[in-house]
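Shared between the two complexes below is subunit A, which has subunit B as its partner in the first and subunit C in the second.
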Partner chain A sequence: MNVIECEGLTKQQWRLKALDELSFTIKENTITGLIGRNGAGKTTLLKILAGLWQETNGTVRVFSERPFNNLLISANAIYVDDQMQFSNRLTLSDILHEAGRFYGNWDAELARRLFNYFSFHPKQVHMHLSKGKKSTFNMIIGLASRCALTMFDEPTTGMDASVRSDFYRALLKDYLAYPRTIIISSHHLEEIEDLLEDVLLLDQGRKYFHLPIDELKEYAVGLTGRTEMVMQCSANQEVIHTRQIRDDLTYSVVKNDNLPLNKARQLGIEVSKVSASELCVFLTKKTKGGIDDVFK
Partner chain B sequence: MILNTDGSKPIYVQISEWIETEILKGNLKQDEKVYSQYKLAEMFTINPATAAKGLNLLSDENILYNKRGLGKFVTNEALGLIIDKRKNQTLKGLLLEAAIEAKQLNVSEVELVQMLKGIMTNLEGDA
Partner chain C sequence: MSLNRMGLGTVVAKQLQYKIKAYYGVFSSLVLVQVIALLLSVGGSVFSGTTIYGLSLDYTTYMTTNVIAFTILWIFIHAIIMTTKTERENSFSFVSNQLSNNISNCTFLIVASIAGGITAILSGYLLRVIVYFFIDIDLLIGTEFYYPPGEVFQGIVAMICYLILIGSVGYLLGVITQLHRMLPVLLPFVLAGILIALERIFPGSFMAIGEYYFQETNVFPFLFKFIGSAVICFAVAILISSRLEVRK
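Moving on to the complex of A and B:
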């Protein structure tokens, strides 16, 4: 079953299209990574899916309903980011209590355990928490709500390395015990890729691709070698990125479409893997050369 | 085992190789049940779909078989298949790398074989 179905989804903000004719579906009980550069439209998409923002054009369906201003969506979908607002009249323990009253599947025991594990004080006020502590607290709300659609937007902002890895493990363990549809947006694909089943890559409001993570890892290869050899090997192939290391030495990232890799090796070209996160950066770069071109 | 996340090998391949090694070591015997995709996901903090892909890879190679509703079990030809595969693919691959490096360094065939013999003797001395 599809939990999310988007068809031609467009969001116009002023004269800019934050989302541009976006079409995709997300299956029930999968973990999807939402990846893209700053301003690619990740947050806009998640806020529309959560029913917080209204789409301009196209159709968007969550649990077969239009999410905007929809109580079914509010009760069954949660959007977690580092801007979550809570009343300063409520203590942290009050907030957990109120969240429990709102979300039908709320797991108070899990919330309490995570709350203690991360050393929160029940009488603290959300506004006074540090950046990392805020993210950690919001993550507790996101996990304990057990919403059928759970969306984390850059959940690890400000978290230290240890809390980040605890968060990923907590997320996975709770997902295994209580499968649900999860979307995580992140700039750190390398940190979350093991958790993911699929990756949705956005580029300037458009879908670049929506692929299983394993296919992404075999999507392209890196070729390093004498420039003319690399050129010869990548002729008629889709070159994703290329960088001149030295006058006569080139590194090219080429789509792995039946590339003659053994021949390349015989020509003295070094063939290397391209990690999923590097690939996403290369794919969504505006120019093929990168920062070096600015200094030419 | 710690998964190697530098992208050198897909995670599902690493999972299937880890199970193969468990069989090679005798930790998993013929007709014994192997870990479920959920157990593997928990053990390695990976997506259960990735773990399932690793298990299916082994089913396709007749190293594991399905019992409907019960999970996956080690076949009786598993050990032989794994040894065969490791010899023909992994070991040959490593030798190919060694040969390419030797060629780059102008190390002759005789010298390379001697080096290998020396390493084998040392290994046996240690054991």
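Moving on to the complex of A and C:
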């Protein structure tokens, strides 16, 4: 069953198209990574899916209903980011208690255990938490609410390395115990790629691809070798990225589509894997060249 | 995972409960505002200089208009505060949509009006007691020691109606200012302009509006006018905000 169906979804914000003719579906009980550069439209998409924002054009269906201003969606889809606000007249334990009244699947025991594990003080006020602590607390709400659609937007903002890895582990364990549809947007694909089943890559409001993570790992290969050899080998192929390492040495990332890899190796080209996160960066690079060219 | 279905009524009830907890400060500020107003009233207004047959007469009037005015201001300000961006975003951290949020806000304002109305009227009796026991006066006129409960009740209901109406107007104005960031600055001028223009074009319309609401002495038309106007304000606020996006 499809939990999310988008068809030609467009969101116009002032003059900019934050989302442009986006079409995709997400199946029930999967973990999807929403990847893209800054300003690619990840947050816009998630806010539309959560029913907070309204689409400009196209259709969007979550649990077969239009999400905007929809109570069913609000009760079954939670959107967690670092901007979550709670009344500063409530303590953290009050907030957890209130969340429990609103969400039907709320697991108070899990919330309490996580709350203690991350050593929160029950009488603290949300507003006074540090950036990382805020993200951790919001994450507890996201996990314990057990919403059928759970969306994390940059959930690890401000978290230190150990809390980040704890979070990923907690997410995976809870997902295995209580399968649900989860979407995580992140800039750190390398951290979450073991968690993900699918990756939806956005670029300037458009869908670049929506692939299972395993296919993404095989999507392209890196070729390192003498420039003319690499050029010869990648002729008529889709070259994703090229970098001159030395005068006569080139590194190219080429789409792995019937590439004559054996022939390449015979030509003395080193064939290497391209990690999913590197690949996403290469694919969505807006300009040729790198930051170095700015300072030339 | 099966979906949780929650009716509008359930969500509104949960939100109201949440808001009474989160806006606890509204009630404590009510107490503060009324205590300040009472203290201001304890002095009374002194009138002197009436001379009848060589007899000079000084008299002091004690009135609770302060309390009533402060309570009206209190509900107006809180109604506007409820519509600000931060408060709206707080409400949307849990299950909510615009309709349920608006209805629970209106219900909260009604609850607050009831609390404000009861305490505002009763504080009038408190003032009499304070004056009787603690202020050195020679002669207490115009105060009886028995007040028919029916009269007290009428006063309370009327005060609640005033508060609900003012609260709904404040809420409506607050919602309108949320439509565009220039509006909080512009709206007061626009309103004042409209009122001045109204008075210029139809002289006496101010008085007419005042009379329409405040000269009504029959219970049912009174209730109808106040509650009807409040319902219209709330309904317009709901209509306006139904298209608003949250967490912009």
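What we mean here is this: the second predicted complex is superposed on the first by the 291 of 296 C-alpha atoms of A that agree within 3 Å, B and C clash if a C-alpha of one lies under 4 Å from a C-alpha of the other, contacts with A are read in each partner's own complex, and residues count from 1 in each chain.
Keep this in mind: contacts are C-beta pairs under 8 Å (C-beta built on N, C-alpha and C of every residue); 3 or more make two chains touch, one makes a residue touch a chain.
None of these values were measured; they are calculated from a predicted model.
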Three-chain arrangement built on subunit A, subunit B and subunit C clash or fit
fit
Looking at the overlay, does A:Arg37 come into contact with subunit B only (first), subunit C only (second), both, or neither?
neither
If touched residues of subunit A are counted for subunit B and for subunit C, the larger one
C
Counting only touches as set out at the top, which of subunit B and subunit C does A:Arg164 meet: first, second, both, neither?
neither
What is the contact status of A:Lys217 with respect to subunit B (first) and subunit C (second): first, second, both, or neither?
first
Kindly classify A:Ala99 by the partners it touches after superposition: subunit B alone (first), subunit C alone (second), both, or neither?
second
Centred on subunit A, what angle do subunit B and subunit C make, from Cα centres, as a multiple of 10°?
150
For A:Asn76, is the partner it touches subunit B (first), subunit C (second), both, or none of the two (neither)?
second
In the superposed arrangement, does A:Lys207 touch subunit B (first), subunit C (second), both or neither?
neither
Thinking of the overlay built on chain A, is A:Leu90 touched by subunit B (first), by subunit C (second), by both, or by neither?
second
Shortest Cα gap between subunit B and subunit C in the overlay, whole Å, is 17
Where on subunit A do the contacts with subunit B and the contacts with subunit C coincide?
none
Please name which positions on subunit A make contact with subunit C in the complex.
29, 47, 51-54, 63, 69-72, 74-76, 83-87, 89-90, 94, 98-99, 101-105, 146, 148, 178-180
Going by the contact rule set out above, which residues of subunit B touch subunit A in the complex?
3, 5-8, 10-12, 38, 41-42, 44-50, 53, 100
Within their complex, subunit C touches subunit A through residues 1-6, 8, 11, 14, 17-18, 21-25, 86, 89-90, 92-100, 242-243, 245-248
Can you name the residues of subunit A that touch subunit B in the complex?
30-31, 168-169, 172-173, 176, 190, 193-197, 212-214, 217-218, 265, 273-276
